[in-house]
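Let me give you the structure first, and then I'll get to my questions.
As written, the chain order gives the labels A, B, C and D, with residue 1 at the start of each chain.
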Amino acid sequence: MNQADLASTVVARQLAECGNLFHRWQWSLSTSSNYSALLPDSVVAISRSGVDKQFMTANDFLAVDLHGAPLANFKEIRPSAETELHCHIYRKAQGQALPIASVLHTHSKFAVYFSRRFAAEGVVRFSGFEMQKIFDGIDTHDSSIEVPIFANSQKMSDITEKFDAYLAKNAWPAAYLIEGHGVYAWGKSVYHAKQKLEALEHLFEQKYMEEK
Amino acid sequence: MNQADLASTVVARQLAECGNLFHRWQWSLSTSSNYSALLPDSVVAISRSGVDKQFMTANDFLAVDLHGAPLANFKEIRPSAETELHCHIYRKAQGQALPIASVLHTHSKFAVYFSRRFAAEGVVRFSGFEMQKIFDGIDTHDSSIEVPIFANSQKMSDITEKFDAYLAKNAWPAAYLIEGHGVYAWGKSVYHAKQKLEALEHLFEQKYMEEK
Amino acid sequence: MNQADLASTVVARQLAECGNLFHRWQWSLSTSSNYSALLPDSVVAISRSGVDKQFMTANDFLAVDLHGAPLANFKEIRPSAETELHCHIYRKAQGQALPIASVLHTHSKFAVYFSRRFAAEGVVRFSGFEMQKIFDGIDTHDSSIEVPIFANSQKMSDITEKFDAYLAKNAWPAAYLIEGHGVYAWGKSVYHAKQKLEALEHLFEQKYMEEK
Amino acid sequence: MNQADLASTVVARQLAECGNLFHRWQWSLSTSSNYSALLPDSVVAISRSGVDKQFMTANDFLAVDLHGAPLANFKEIRPSAETELHCHIYRKAQGQALPIASVLHTHSKFAVYFSRRFAAEGVVRFSGFEMQKIFDGIDTHDSSIEVPIFANSQKMSDITEKFDAYLAKNAWPAAYLIEGHGVYAWGKSVYHAKQKLEALEHLFEQKYMEEK
C-alpha cells in the first residue's frame, strides 16, 4: 500500500469529510484533532501531523501498524503525536463484543469545557436524554452514560495506562475526555464514530446550558 | 408506489433538504430526528430509521399507511421507531380546520433544553413576540403561544395518549415537546412545518437568553 | 417595469443574497423579515409577504411607490405588511444629508433580545467599540451610538409616528428596534445597509456577553 | 508589480479565503478587519479599506512598502487605516528568530470581549490547554500563554509605541488585543497566522465559558 492507494480508500475520503465538517463547526480548529480508521490486515489509516482540517483531503493520511509504526511507503510522513492513543484503542478493542473501526479525536468546545470543569471528579454523567440511545447497548432514555476524564500528558503512555486502569474496572465507555485537551470517540465505522461525537457534543451542550 | 416513485416526489426531496439544513444547524445531530409528509390516498412518506441527516437524500424514505404499516414495496425497510407519533398526528388532524401535511421532529438545542427545564410545569409559554404570527390563527404579537411538554417513553402509545388527553381539553398547539427528547411540529406543507420549527427555535432561544 | 424587469435588477439579486445569508445565520428565520431598495424614479423594490429566506431569489420582490402602493404590473402580489415602515424611512430621508437607498429588517437574535430587555428605557447605547466607525459621521471608537426602541404595533402608523417624534428631537439614529420584533437598518446601498446590520448585531452580541 | 500581478499571488488568494471564512464565522463582520502578507523584496500585500469580507477576492489588496507607502501602481487605492500596525509588526520581526510573513486582524467575538473585560489588567492569560501547543516555542499544555491588551487609539503610533514598550520587556507574544477593537495575530505564512487566530479564539471562548 502506498500513498495513492490509501488516498483512494473510502475511509480516507470519509475521515477528510469529517475533518472539513468539524472545522466548519469549530470542533477542530487550528491544526488540532486527529482521526483514524482500521483497514484490512490491521493497518491503521491515521491523519498526518499538523493538518489544517479546513483543507483536509484524502491525501492527508498515512498507514501505520497497530503499534503506530509507519508502513514501508509512509516512513517519510510524520504521524500525529497522538497516534499511540488511536492504536491503543484498536488494540484494546480486539476480541471485544463491539468492533471498533474508527477513532475520532476533536477539540470540540463543550467537550473541552467539561474536560476541565469535571477534571477533579474524573467523569461526566448524563441521564434522561433520548440522544443517549445512539450509544452501544442503550435502548432507552431512562439510562445513564458515563464519560471518563483522564489527566493530560505529553507522554502518551500516561494516558493509555489510565484508560487501561479504567477498563480493568468498567465496561467500555461511550468515549473519553483528556483534561484541557478534547474528546476521543469511536465506532464501528467512520460515520458511526462521527455520529457518536455529534451525540456527545449535543449532550455536553445541554449539560452546559443546564449548569449556567 | 415503489422506492423510486417515492424518491421522485417533491416532498421526499424537500424533507431531505430539511434534514441537511437541520444537521448543518445541529438541530438533528447523530442519527436523531425523523420527518414525514402526507401523500395522496393517505400514504405517509417517513424517514427510515438511523439516517445521518448530513447525508440524507430523497432515497431515505419509505411509504407507510396512516397506522404506520409499511406499504407493499417497503416491507424490507425499517421505519423510524417514532413513526406512530407522526401517524397519530395525521389521524388526529383529519377533519380538523387546519390541514396537516407534514410533521418534523428534531432535537434542536433550545427545544430539548426547555423540554427538561419546564417538564414539571408541562408547558412553555411565549408572549409579545412578532414571530408568534407564523402560528395558525395568530395575527398579532399581543398573543400567547403554548407548547405542551409530555414525558418521554419508549412506548409510543404513552405519548399519543398524553397528546389525546391534551387535545380533549385544548385547541391544537403550535407543537409539542417530549421531555429530554425534542420537538414535534407540523404544517400544511413541508416548508410550512419547517418555518414553524424555525419560529419555535427562535422563540425558545429568546426565552433562554431572557432566563439567564 | 414588470416582474422580469425587477428580477433582473442588481438590487433584487443583492437583497435576495442578503436574505439567504441572514437565513443561514438565523437572523431571518421562518418567513420573518423584509428587505427593500430604492430604484430610480422613487420606485421601491420590496420583498413580497411570506417568503422563506432560505429560498429567496430575485423573483421575490415587487415594485411599489413611495407610499407603498404596488405599481401597475404588481397589483396581484401581496407586499409585506411592513412595507409602510420601509417607505416611511425613504420618505423621511429625502432631502437629508445622508441618502438612504436600502432598508433591511431582520429578527436577528441579539437585536430582538435588546428590543425587549431595554424596552422601558427606549434605547440601547454603545460606546468604546472600534466597530462603531461603520456608522455615518463616526470616525472614532471614542463615541457613542444610540439605537431607539419603539413599542410594537400591528398598526404601522403607530410605529412611524414614534419614529417621526424621535426624529423631531434627535439626529438620524444608526437603526431602530421594535420591541419583541426586530431591527430596521438602512444605508446608501444594499450592501451598506447589510454592513450596518452586521455591525449592530456584533455590538448587540458584545453587550449581551458583557451583561451576563 | 501591478494589480493583476498582486491578485495572481498565492497569498492574495489565501488572504481573501481567510476573509470569506472569517465573515462566515462572524469574526470579520461589516467592513471591519484587515489582513496582510509579506512578499519578496519587503513588499507587503494588504487589504484595501472598506472591503466586505463576504465578497473579498484576490483583487482586494494593494502593495505597500514596509513603511506603509503604496508602491507605484497602487497609489490610487486606499489602504486600510491600520496598515501601519501591520507594517510595524513586519519591521519589528526583522532579525527575530521567528519569521513573520502574515498578519491577520479580526473583530472575532471572544477576542473583542476580553479586550474590554481585561483592559485594566492589560493582559489575558491561558494555561493548561493542549491547544496552546500551536504557539511558537510551546510544546506542552503545561505552559502559560500571555496576550497583551493595548488601549485603542485612532492614532496608530499610540498603539505601536505600546507594542514597542511591551517588546522591550517581554518576549514576542502569541498575539495582541486592542481594547474594544480586536485581535492582531501573525505567523510564518497566511495559513499559520490563520491557525493561530483559530487557536486563540478557541481559548478565548473556553475562558468565557469558564468565567460565566
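Assume contacts are C-beta pairs under 8 Å (C-beta built on N, C-alpha and C of every residue); 3 or more make two chains touch, one makes a residue touch a chain.
Keep in mind it's a predicted model, so treat the numbers as computed, not measured.
Of all residue numbers that take part in the contact between subunit B and subunit C, under half occur on both sides, making this a different-residue interface. A separation of 45 Å divides the Cα centre of subunit A from that of subunit C.
Chain centres here are Cα means. That of subunit C falls 32 Å from that of subunit D. Among all residues of subunit B, those that touch two or more other chains are 212.
Taken chain by chain, the contacts form a single closed ring in which each chain touches exactly two others.
Of all residues in subunit A, those touching subunit D in their complex are 26, 29-32, 52, 54-55, 107, 109, 112-113, 116-117, 152, 154, 178-182, 208, 212. Note for the complex: subunit C touches subunit D at residues 21, 25, 128-131, 134, 139-142, 191, 194-196, 198-199, 201-202, 205-206, 209-210, 212.
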